[in-house]
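Multiple structures are listed underneath, in structure tokens.
The same subunit A turns up in both complexes below, where it pairs with subunit B and then with subunit C.
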Partner chain A sequence: MSRVVYDGTPIEYEEGDSLALAALRAGQHPARGGTLCMAGDCGNCVAIVDGTPWVRTCQTDARPGIVVRRHPNGSHPSPGGPEQHTSVTVRHRTADHVVVGHGESGAAAAAALRAEGHDVTVFDAADGDEVVGVFDGPSVIVRRADGIDHFHVHHITLATGAAEVQPVCPGNLLAGIYTPKAAAVAIAAGIDLGTVVTVGHDVKAFHGEGRVSEVEFRDGTRVACDSVIADLGSAPRDVLARMAPLVPVEVVGPAAQAHPLPPVAEEGVLCPCGKITVEDLQGVWDKGFRDLELVKRASLCGVGTCQGGVCMPHLRSFVADRSGVEPKPFTGRPAARQVTLAEAAAGYHIDTFRRTPLHAEHEALGANLDKFGGWFRPWNYGDPIAEYWAVREGVSLGDVSTLGKMLVSGPDVVEALERLYPNHVHDIKVGRSRYVINLNERGHVLDDGMICREGDTRFLLTFTSGGASTAEMWVRDWVETWGLKVHVLDRTVSHGAINVTGPLAGELLRRAGVADDDRPKFLQHRHVTVAGVPCHIMRLSFTGEASYELHHQIDRSVELWQALMELGRPLGIKPHGLQALFGLRLEKGHVIVGQDTELDSSPRRINMDWAVKMEKADFLGREALARTANLPDERRLFGFTMDGPAPLEGSVIRVDGDVVGHVTSSWDSPMYGHAVLLGWQKRLPHADVVEIDGREARVSPVPFYDKEGARARM
Partner chain B sequence: MPACEPLVGWRIIADPTALDQAPWPAGSHVVRISPDDVFLIGAAEPTVPADPHAIVTPEHGFAGASLTADEVDHTALHHIEWQLPAVRPALAQGQIAGVPAKLVLHADGSALLLVACAARHELEDRLA
Partner chain C sequence: MNEFVETLLDLPWQTGEPKSSYDVVIIGAGGHGLATAYYLATRHGITNVCVLDSNFIGAGNSGRNTTIIRSNYGIPESVRFYQRSLEMYQTLEDETGCWIMHNQKGQIWMAHSVSTARTEQTRALMNQACGAKTDYIGPDEIKQLCPQIDLTGGGRYPVYGASYHHEGATARHDRVVWAYAQGALRAGVHVFQHTPVTGLLKDGDRVVGVQTPRGNIAAGTVISAVGGDVTTVANWAGVRLPIRTHALQAFVTNAYAQEFAPIVSSNDLVFYVSQTPRGQMLIGAEYDRFASYRQATSFSYLQACSKKSITMFPFLAKLRILRSWTGICDVSTDFSPIIGHTGVDGFMITTGWGTWGFKAIPAGGSQLAELVATGSATLIEPFGLQRFAHEAAMADPSSAGTR
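Showing the complex of A and B:
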């Protein structure tokens, strides 16, 4: 005989034994007590197997060297274990018709389907194919020894049979109690159950110390015993059928049959998984929870290891007794069997974070890269203050390849853009550009960017890095809705962009071969070759300084970046990351959509009415803005200044001790030596002086820096 | 899995009818991303369709890798949650290992895997 280690003690088992049988063979309960089903229906035999908790020992073959530990007495095991750190193989498969269960009804169903010409795949836990979940799709999740299979199927037939009802009465957590089938399994394995008493619904209580030694019947009779067989009927094993309400699942055999509910339990543990008693249920009932789903949620009866396999018939009987109406079974939730975190995560991927073509350049420059707006972006290059001053006083490069970039062209393009944007588009001259905000139908700010006119019927639109993907759908959806002829090309990932910014930006471009006459003026754009690289230069400013965005094909990004860095070396050029950029733009009072705005921020609330031309006949959001224009609006984004260190973004803003808003952007301005902020006040009247972090902050008009905007036009 | 290498081509956005009737250069490969969207590979010069508003521009945003039929099957089994088209040749588009990508499926079962250059490192890591 081979041996397994059970709670530190080697025990012998015979070929074909499950771990639960091995424990019984050694005279032990596989867990700490409770009726055994030996069919995987209950949680009364779960233990920690080779480090993985919640494993049904009755469904796990004994193997040499396997180590089993019982769960801690009175508490749950930690979810740790070696499997949690192991990648689990996932396979995506397809199947026409899946039958779960290959007992009598399952075999018959499979045969009938095959006779009709269906391609049938049969799963059964006995074959190592443990179906743990059914999802809308439909998909069937199958756990196997070598991984998790996700079956994408067309039809599902469940032939999962029926589970034996377990007793609920005082003493039902003692060892030595079996369902009839469990007893048969044990006896067939040659395990001596000793003196056995078979009980039905006439049982009142089990007595014993740790293990049953006496049965008490309702008529008062007491019978001594070594083991009890509780023959209480069956209930459908149909949790998989209740998991995906949108999936048409055919249930056949005993799983589909009506089974009478057991008599209502009067006392005892009704839910062995959670040790929830009849008294607990009564307490929930008395608090007013009357629907089965609510009783389940309030008591947690049915959310444990067995997912209602044991408690469901008794719980339904309880509710039927109290309400007079027999309730339907509650919803099933994946997983039907405990899975490890690794199994649950198999095949799941975190979001994709893209890399700009300059990723390696940033790494070589020692950038601290962060995930922002779906991209890896330089947060800083080690000295954000030096990066700041390079922009304010010299020249700096910023990688803005992540900006949304969209070409639109077509006979209806002007009409489409006039409808999409709240500002005028028709009067933008070729070679000129305009800052724009995007609104939704409610008049709330979705995004912002630039419109650059390339020709009579051709424009380049830019969007924020985080808003680019949504913007494409937004444009396409509306153009299609309106039936307008507009071609759309999102070239966000095929074009890089480098922002050359600072008072020496023009000088750097001169050194890169751009004649002064070829340099676009503020809010102009032009196609020019820079350091040998064809670029589309856009003149704008987010930093507050003269800025030239050099848009180009991404295969030339590295060449362009390196050339500019080399040419800029005598000018003291430094690249800047997002940390400096966010401070620079904050000094200019530029909002970052999504950081400084909220989901319902209108242009008025963020002081950008000027970007909306209500004299236009129509545009997205116009109706909502017109309807709300004269309503009092307590929400307003303000600029603030305060002494001392800049508070954390998200800090609470108070007036007279009351919370009125929060800080959205915060920066210790190297230029001014104090903090500059943006933040919300959401209560009228708006105060001129507020309290942040227990310190005084004063409302200050924005921009904080270069109020005339002269530096951006240098 | 082979590494994804940057591809050079042309992107052509035009009326579907114009694209249907466009005389594509001999030896080039036309990836019809959508009815109005073509990625043209292997052409020195782009085809300009009969649409005055067509967008025709060099395209350097894709990286690609040639997959054998076995590699396609392996990728589909372990990394694609959706069903590949049974009829070949075909273009299949969706997430592969969670990364948006395209498979230009050839009649012999092999394929050209296309992914945005910006996401190719992520895809390569996940398929490794």
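Showing the complex of A and C:
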């Protein structure tokens, strides 16, 4: 004989015993009382098993060393202390037919299906295979002894049989009361139940101290006993059938049959999970809660751990008696058999944050990496102000591999881009590029980026790092909707990009072997080899300084980065992180879509009307912009300056004490020695002087830095 | 009788059939419909009101939410509106005499990156400016408020900080519905369950009543307080709504000892967890991406939510899932409610309650009642349907799409 520890005391069990049976063998109730079904239908045997509360001991095999504790008396178990993650095996499986239950009806159904040549998989809780739920798909989730199975199936047959009705009368929470099948299980296991009295609906009450010792019948007779078998009929075990009304399931056998409701209970605990009494039901009924659902919700009968397994027949009987109409049972809700969160979670992987090909380089340089738009990106390399000055005064590298990059080509590509973008596309010359914004159908800014023309019918598009995945869906959806012949190749992850920026950027490229004549001018792009690496160089500027974005295949990223860092060493090169970049671009007044814009930011609101050509016949968002063009529009993004320190991003902007907007970007400009900001005013008239963080701030034209844009063209 | 039952007040149902005419007929006896009726009757003396529902009271989203009350929104109009609602909830028990199990718990909204820390900081600053009590707090304070948290987030989601909404609370959803139902009934409002509205009565362009299987009912004003099928009802009146309907799932575990004090949400991981007064751990996340009217749950949702929540709260790994459920959310294009006039005479609406309808019940009901009774209601003025035509959306970046 092996032993388990039950409430601190070792008890012996026999091979094949469930924990509940082991407790009975030791002369104990597995919990603290209540009728036992030994079939997983009720919650009367739950205990804390190896630290997990609310485990049905009748459904759990006894194993050596297992530790069981009863739930505390009169209160809920503690969720427990520090936990170690236990790994749970998950398997995805397919099956033609799944039959739940291998009793008489299940076995017959399975045999019939097999005779027709079907592949049939059968589960039964008695074998430790508990069906958690049936879901769309159809799919069936099964909790098994060794893990969780996700079954994707064609057909589901539910042959779950019937559950035995439990007695509702005074004393029904005593130990020693069994359903007939539970008693049979115990007797078959060789457990001596002592003097047994079998009762039907003629029972009035059970008496005893902790254990039943006497049965009182309706006719007044009293009979002494050690155990009671309550033979009260059955009710369909159909929670799975009631769970997913649109999942095609076939219900067979007792689970599908109408069972007479038990006589209406008069007294006693009707819902052992919640200790809800007949008196409680009468109470809610008398208060006007006269609907099965309202009775349930008002009394909380049926929402305990057995999900109505015990109380449903009695609850329906009660409502039928009081209302004169037999109510339908309520909807079944997963989990039909319970799983822990660890078991439910098995097989799910939280989206990873992507790493650029230069991730290890950044780490080696001591970067503080942070999560932005689904990527790990350098926030700074320890000294954002030094990084700022490297860009403004020398040369710096920025890893912009995260940018959305999309090659579009095909006979209809110009037509498609003209419709996708509010700016002109057809007049972009080969070798030239243009800054563009994307609008949605409501005329609100979705994203921004560049269009580079590579040939008559070939363009490279860039999008923001956070907007790239949406942009791909966006472009593909529209091209398909319009039926245009356009090939879309997303190169976001196949190509890296390094931004070489600063007044010495040209010099660095020269040292990397790029002849001055090969270096693209502002808003040009060209394919050039840099330090031996084939690159597509795009000349633009987000930082405000001369900038060359070197797009290249990611297998060359590390080589290119290391070569540039090495060649730039005599020039005092420093890489810059996002923190410096955000400040640099803010001095130029460039918005970051998503940070400075809102869900409904039209181009006008962010002062980007210039990027919209209403003279075009059509483009996404044009109709909305035309319709709203003459509406009074109080909301606008402004540049502000104020004395430092820069207020927190998110600080409210007030005019005459009223909140009119908030700061979207804020930076103590090392160049100017004061704060530069972007923020919203959403009330007319727009003020020239506002209050931020209790201090005065003045509207300022943007850009704050290099208004003529001379430095970007250097 | 147990405490839960004993403390319920009577629902003093009217007797007989609906009258042939009411001043106001409200479609939908959920929280919003009943609260509107309650405030019409108790604040404005308009008691000739009838509320109709195709099911029992509170059968829809009022009884299928995660019971959270908060006002930590991102735009002034929303903060002020939800703060009013939050404050009305604080006194609802005193006013109605009904125990709604109101429980001020505080809400921690965690950030796990520089960019979401900015979002939470922005939330705190905007809240403070508009009357909601929210502070930005650091990891140490979070740990004090919620010792069960793994501040490293399993190594992948370290906690940078959080906005802490001091007055975040919960209340028992059903009992809120019943508080308004009993108050409305007591004031003489009629509430008919299992009485579906099947169409609207019109006189020209004007809506003048409703059709039901129990007969036509004339009304001075018809209000749709429908959840889920609102576009169908609005369509009867010829009103097109910028609404898409999505399913929102949530689940509870079994009941455990009360050890988890606050409501905790994660901005990056997108889930939230709290412990109900009955001891269950309640876990939810964002609504399903695809549009649907179904109230079915999916295992993939349980899977994702379980994984996310045990990543931050390892103790949850051993807890057992008891029950999951689904509500049907009407989500507007700017993630804010649509409440008030519709442009069709005699037909008003309260919808667009997305995943934030429960917390809005007191303010939504009282403001709509005020609009009906007096012709104006300040807090809901920005949330009219006309805003979409006027390019004056109430887009709230910090509530967008979730929760």
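The definition used in the following text is that the second predicted complex is superposed on the first by the 493 of 714 C-alpha atoms of A that agree within 3 Å, B and C clash if a C-alpha of one lies under 4 Å from a C-alpha of the other, contacts with A are read in each partner's own complex, and residues count from 1 in each chain.
Convention: a contact is a pair of C-beta atoms (placed from the backbone, for glycine too) under 8 Å apart; a residue touches a chain by one contact, two chains touch by 3 or more.
This one's a predicted model, so the numbers in the text were calculated from it and none came from an experiment.
Student: Mind working out whether A:W667 is in touch with subunit B, subunit C, both or neither, as first, second, both or neither?
Tutor: neither
Student: Check the residue A:R91 against both partner chains and state whether it touches subunit B (first), subunit C (second), both, or neither.
Tutor: First partner only.
Student: Just checking: does A:V488 make contact with subunit B only, subunit C only, both, or neither of them? Give me first, second, both or neither.
Tutor: Only subunit B; A:V488 stays clear of subunit C.
Student: Could you figure out whether subunit B or subunit C reaches more residues of subunit A?
Tutor: Here the partner covering more residues of subunit A is C.
Student: For A:H150, decide between first (touching subunit B), second (touching subunit C), both and neither.
Tutor: Both subunit B and subunit C are touched by A:H150.
Student: Once the structures are superposed on A, label A:G283 by its partner contacts, choosing first (subunit B), second (subunit C), both or neither.
Tutor: second
Student: May I ask you to decide whether A:F638 touches subunit B, subunit C, both, or neither, giving the answer as first, second, both or neither?
Tutor: A:F638 contacts neither subunit B nor subunit C.
Student: Looking at A:Y705 after the superposition, I want to know if it touches subunit B, subunit C, both of them or none. Which is it: first, second, both, neither?
Tutor: Neither subunit B nor subunit C is touched by A:Y705.
Student: Touch test for A:I350: subunit B only (first), subunit C only (second), both, or neither?
Tutor: both
Student: Indicate the residue numbers of subunit A shared between its subunit B interface and its subunit C interface, in ascending order.
Tutor: On subunit A, the overlap between the subunit B and subunit C contacts is residues 150, 347-350, 353.
Student: Mind listing the subunit C positions that touch subunit A in their complex?
Tutor: Per the touch definition, subunit C meets subunit A at residues 1-2, 4-6, 8-13, 55-59, 63, 76, 112-115, 118, 121-126, 129-130, 156, 174, 178, 193, 253-260, 268-269, 278-279, 281, 294-300, 302-304, 306-311, 314-325, 333-335, 390-391, 393, 395, 397, 400.
Student: Please give the residue numbers of subunit A that touch subunit C in the complex, ascending.
Tutor: 51-55, 72, 75-86, 132-133, 135-136, 139, 141, 150, 244-246, 275-277, 279-280, 283-284, 286-289, 291, 293-294, 297-300, 303, 305, 307, 331, 333-335, 338-342, 344-350, 353, 370-373, 379, 442, 578, 595, 598-600, 602, 628, 631, 633, 648-652, 654, 659, 662
Student: Can you list the subunit A residues touching subunit B in their complex?
Tutor: 89-94, 150, 152, 347-357, 359, 375, 407, 409-411, 413, 457-458, 485, 487-489, 491, 493-495, 553-555
Student: So in the complex, which bits of subunit B are touching subunit A?
Tutor: Touching subunit A: residues 6, 8, 11, 13-14, 36-37, 53-55, 57-62, 76-83, 97-100, 116-119, 121-122, 126 of subunit B.
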